[in-house]
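A, B, C and D label the chains in the order they appear, each numbered from 1.
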Amino acid sequence: MIKVGVVGGTGYTGVELLRLLVNHPDVELHVITSRAEAGRPVADLFPNLRGFTSLEFSMPDDAGLEQCELVFFATPNGIAMTMVPRLLEAGVRVIDLAADFRLGSAEDWEQWYGMPHACPEYLEQAVYGLTEVNREAVAAARLVANPGCYPTAVQLGMLPLLEAGVIDAGHIVADAKSGVSGAGRKAVTGTLLCEASENFKAYGVDGHRHLPEIRQGLERVTGQPVGLTFVPHLTPMIRGIHATLYARLTGKAADLQDIFEARYRDEAFVDVLPAGSHPETRSVRGANHCRIAVHRPQQADTVVVLSVIDNLVKGAAGQAIQNMNVMFAFPEQAGLTGAALLP
Amino acid sequence: MIKVGVVGGTGYTGVELLRLLVNHPDVELHVITSRAEAGRPVADLFPNLRGFTSLEFSMPDDAGLEQCELVFFATPNGIAMTMVPRLLEAGVRVIDLAADFRLGSAEDWEQWYGMPHACPEYLEQAVYGLTEVNREAVAAARLVANPGCYPTAVQLGMLPLLEAGVIDAGHIVADAKSGVSGAGRKAVTGTLLCEASENFKAYGVDGHRHLPEIRQGLERVTGQPVGLTFVPHLTPMIRGIHATLYARLTGKAADLQDIFEARYRDEAFVDVLPAGSHPETRSVRGANHCRIAVHRPQQADTVVVLSVIDNLVKGAAGQAIQNMNVMFAFPEQAGLTGAALLP
Amino acid sequence: MIKVGVVGGTGYTGVELLRLLVNHPDVELHVITSRAEAGRPVADLFPNLRGFTSLEFSMPDDAGLEQCELVFFATPNGIAMTMVPRLLEAGVRVIDLAADFRLGSAEDWEQWYGMPHACPEYLEQAVYGLTEVNREAVAAARLVANPGCYPTAVQLGMLPLLEAGVIDAGHIVADAKSGVSGAGRKAVTGTLLCEASENFKAYGVDGHRHLPEIRQGLERVTGQPVGLTFVPHLTPMIRGIHATLYARLTGKAADLQDIFEARYRDEAFVDVLPAGSHPETRSVRGANHCRIAVHRPQQADTVVVLSVIDNLVKGAAGQAIQNMNVMFAFPEQAGLTGAALLP
Amino acid sequence: MIKVGVVGGTGYTGVELLRLLVNHPDVELHVITSRAEAGRPVADLFPNLRGFTSLEFSMPDDAGLEQCELVFFATPNGIAMTMVPRLLEAGVRVIDLAADFRLGSAEDWEQWYGMPHACPEYLEQAVYGLTEVNREAVAAARLVANPGCYPTAVQLGMLPLLEAGVIDAGHIVADAKSGVSGAGRKAVTGTLLCEASENFKAYGVDGHRHLPEIRQGLERVTGQPVGLTFVPHLTPMIRGIHATLYARLTGKAADLQDIFEARYRDEAFVDVLPAGSHPETRSVRGANHCRIAVHRPQQADTVVVLSVIDNLVKGAAGQAIQNMNVMFAFPEQAGLTGAALLP
């Protein structure tokens, strides 16, 4: 049983983290901070938690974060980097669900996030928390950068092919579709029900912040430059990411289904579907699974990978808890045993 | 640990039962039957269960249902009554999630369900499984008639007022709204996304099968005839029932908030919200809770009660498990500890 | 052909007004104002209008509103009342789609809208624009207060019964459900897709601003106090209002279906459905119709009326155009001939 | 004014055709057939048409189709081909909204549609009704094969680039997303609200019937084989298609924005958005427009085209009316002047 704190628990990532943590067998939820909601019972803001926690939001300063063994940041980008050094020095381990520590290069980070990085010297020690890739490093990490939602779905879908060396890494297309919760709980016109419902659109075609994160992850595998076209789309639903990935086969003979099954055989949270399948986002709603199918239409030279996750779970809070489990040597599935809610 | 069987696990009530049972600490899921899907892995039909169960659907006849301590029926109306007597005689206890044993009067049943009842002699021993009303009888029951979804939301909302004797029982209005999953998984035009989405309508205004069930429940409390106008509506969402209940206060001085809080103080699954609240269906999505608020607008003589449940959980599978827990002396919340999925 | 101006064309009522006006045969759209969007092409904000208008938003002050024969206000409550007197004095006729002139009593208005009224002396000359009730007064009006969305659906549903004197006016229940567009285009958390989708809730049970408006309309018909319980609900869809109305029959013999058919026989926009029907909101999506059905369940003494409109059309922009047509002696259906979009 | 008949008016394409035809200034709707609904008023099945037409469905045999100048087929695939020859011989012109005459090769047709073609000798004279490509041939046609919904969105998006010769035609990716109405009004489990809502999935990755149709259209432009990977997806909304198209630039210098603007400058129904735009499906809901944007992310060698239509309008009924207008020398926009319904 460890003491856990959450900084910034008022967004969708935050409430999802709380939903999962209140039932985690090895966790005592010690403190939840929010400047805006300090003093308000958590269950007042999130009525699904009535009866599950009596905590109130507290100010980040009063919060006794340093008494925790682990602190999650579920804050907007740019907050964690101002608080993490002090916590690490106090011996607290940290999982940042925002983007502050995801890119290895401070220069890249500053370009894509449009602000100076407050502690670039920590970028190197931060472990990129795609558990299926970095499990050992996560276990030892003091600071984990939890991956973005799109990057999780895209990397889990592409890595087996890149590791096997069977595709042209210079021209990968990632056409990704996200539910609206990926845009957060902030009040903006574009994500009102009347704007986003019964509507479908692409956005950020000329450059989305998850592009460098995905590219970095793929390049770490290939050891060479990766050419990636990444187009995110907004889908009229609450949860779920569906990544449809396209790459050119290099001709090397390969059983694509085998490649995926072999890569993920021992992974509890990555499920390779039978050949010919089409994963549905609802099959992972509320669950920490990534479900993947691989196709080679008309036996031509283009491979198509379909990869689905719940953006708030495997794409955020669930993966963070998976990383916590690895860091503290809990069973990797602890607190993540629920089946997806269907229908 | 008891052996449990499910008859008819291919509808929404069935898959929800499975989702909850696979994680129940005291249950071994022994057999799931479906004539139509016999031989097919359950997780193939319901991909959210991949990794949670390796069971296949089996024919009801081969099923070894008699080896179970408890069998749930998640079948269409009219099936359970043909199989229940044999199971009861074999010493198996039964919870029927359909309507076969909900009405005390065979005559009423035959009128509203339009077919002869196959075993009217069992109606008397069937216990109506609204746990918060009949807990002791449920504990001892061999056969539990699990309440309908609307009847659960409406009765939990009205009973405190009737028990306290503060309203005119002759003129109650129950305006109820249900998500589309209440209509089941059967392929019919009316519940296609393109028919039911972006649309709102009433149905069955001139007589819905849940009317006699609700009336019976209310009359058992008052001991006198109840006048009920019940209007169900179809709401463009998957899960959730919101019942808005109207009744005339009789003038007897009463603190309405107190009445509700006192009635449900010891109930784990009924949550009385603070005065002035408006419960949301999403606050119970996937959870077994009923959340209730009571209002007296403009301090006039009409009381308004708002009552929400997840029709598939407290309105079906969850309440069935709650009843199972009571029947087998498990902790009443066993297997029902998850918080609602929000957003 | 008249010159028309729109003040505040950036909300949902505004864009709906524009959608209808750009195809109206007798209207030249002369000016659209918006402080926030001045200088921006209308079709840039509302891409559905690309190719339909080349107008830009202009500042209210520069707008040449006084050159128009008619100005619509599609502004938040409290704006029109500051500008209307000057326009009326300049000989411009006005239709206010907001609430500024809907209540006859300034005192009531100030209580419910929480601000002083800027020109209470105009309340008396304002004609309440429920066309089917006040057609003659509308024709002669200089200033029309266009009804609210709920009030339109509820009054059209209740008036025939009150006019016929067959119900107890002291205890009417109006349980009303609205799509989210009724809440407007303002960025607030509560109407984000992730908050309002897959969710159903009541709001304002203890007092909604449309309550006094509805009560006033009903009392003008009965000439006596009306007891009304009005409960609005938020429904997870974009457009549509469904009002379910309950009243006690007084015993006077009456053919309810006849009462409705007789009342609306000559109305182009009110459609009384055959006995036993359940109107759907989608049957009026984008159209100016109100469709109504009347029921007497179990032949008991409670009458149930179902009334549906599109809140943005018959509940706002469409009724405003209907009123304009009456004011300027255009055919009442001019510009309103489109059939509802289904599916 | 021409007499028009509709065969098979009970699906979504049919009701959309009716919605548009009842307001077309040059059309008299003479007959609507449906075996299943013969004798039933159209407005009873589709309540949005109450007050717009008093027609009843009739049997195809009695229908007086031969008295029409034009007959639309809105039937399932395989019906039109059995009736068209007789109508053509009787001098009636035909627009088939199904797929019977879309492919030039009977062999291809039989392979993809899984049945023998009833009149392969008519395939050659059928004009493929993508109006923006074949306007002159459509004007003279006796038989028009109205394009599929995906093929319309994809071809309009890719043709300018292929005509300009600036992309590698051997490796085109079309990632397309459709609202559920594309699957029709037939009662099947997969398109129930509870299955298709709050869900996103690909389907038909290994081969969809629109693949050969799109490829044929593109090859007619290039005069050489086209390599196309086409992946359709089901999106949780009623209407709309969003095609995201990817191709490799061949290096030939080209201003992509110019190419699109020049190609569609004179087209009333194809709208090229300003550079940097992201078209939304709702901007064409209920309207006959295709809105397109072209991007070149990071100035790399992959071009991305975004193309949106309403699948039931420009992807079906609207384009059929556009073709009728061309065939009968009506103004091309007649009956298609409505702006999209937003929100």
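What we mean here is this: a contact is a pair of C-beta atoms (placed from the backbone, for glycine too) under 8 Å apart; a residue touches a chain by one contact, two chains touch by 3 or more.
Values in this document were obtained by computation on a predicted structure and should not be read as measured data.
Listed options A-D, A-B or B-D contain a single repeat of the A-C interface, assigned here to B-D, on the basis that more than half of the contact pairs agree by residue number. For the pairs C-D and B-C, the count of C-beta pairs in contact is higher at B-C.
Per-chain Cα centroids separate subunit B from subunit C by 39 Å.
Taking each chain's centre as the average of its CA atoms, subunit B and subunit D sit 45 Å apart.
For the pair subunit C and subunit D, the distance between C-alpha centroids works out to 36 Å. Shared contact sites, meaning residues of subunit B that touch two or more other chains, fall at 12, 181, 185, 194-195, 197-198, 236-239, 279-280, 282, 285, 343. Listing the residues of subunit B that touch subunit C in their complex gives 171, 173, 175, 177, 179, 194-195, 197-203, 205-207, 227, 229-231, 233, 235-240, 242, 244, 246, 248, 276, 278-282, 285, 295, 297-298, 300, 302, 304, 306, 308, 343. Of all residues in subunit C, only 12, 180-181, 185-189, 191-198, 236-238 touch subunit A in the complex they form.
Those residues of subunit A lying in contact with subunit B across their complex are 12, 15, 19, 22-23, 46-52, 181, 185, 198, 238-239, 268, 271, 273, 279-280, 282-287, 289, 291, 337-343.
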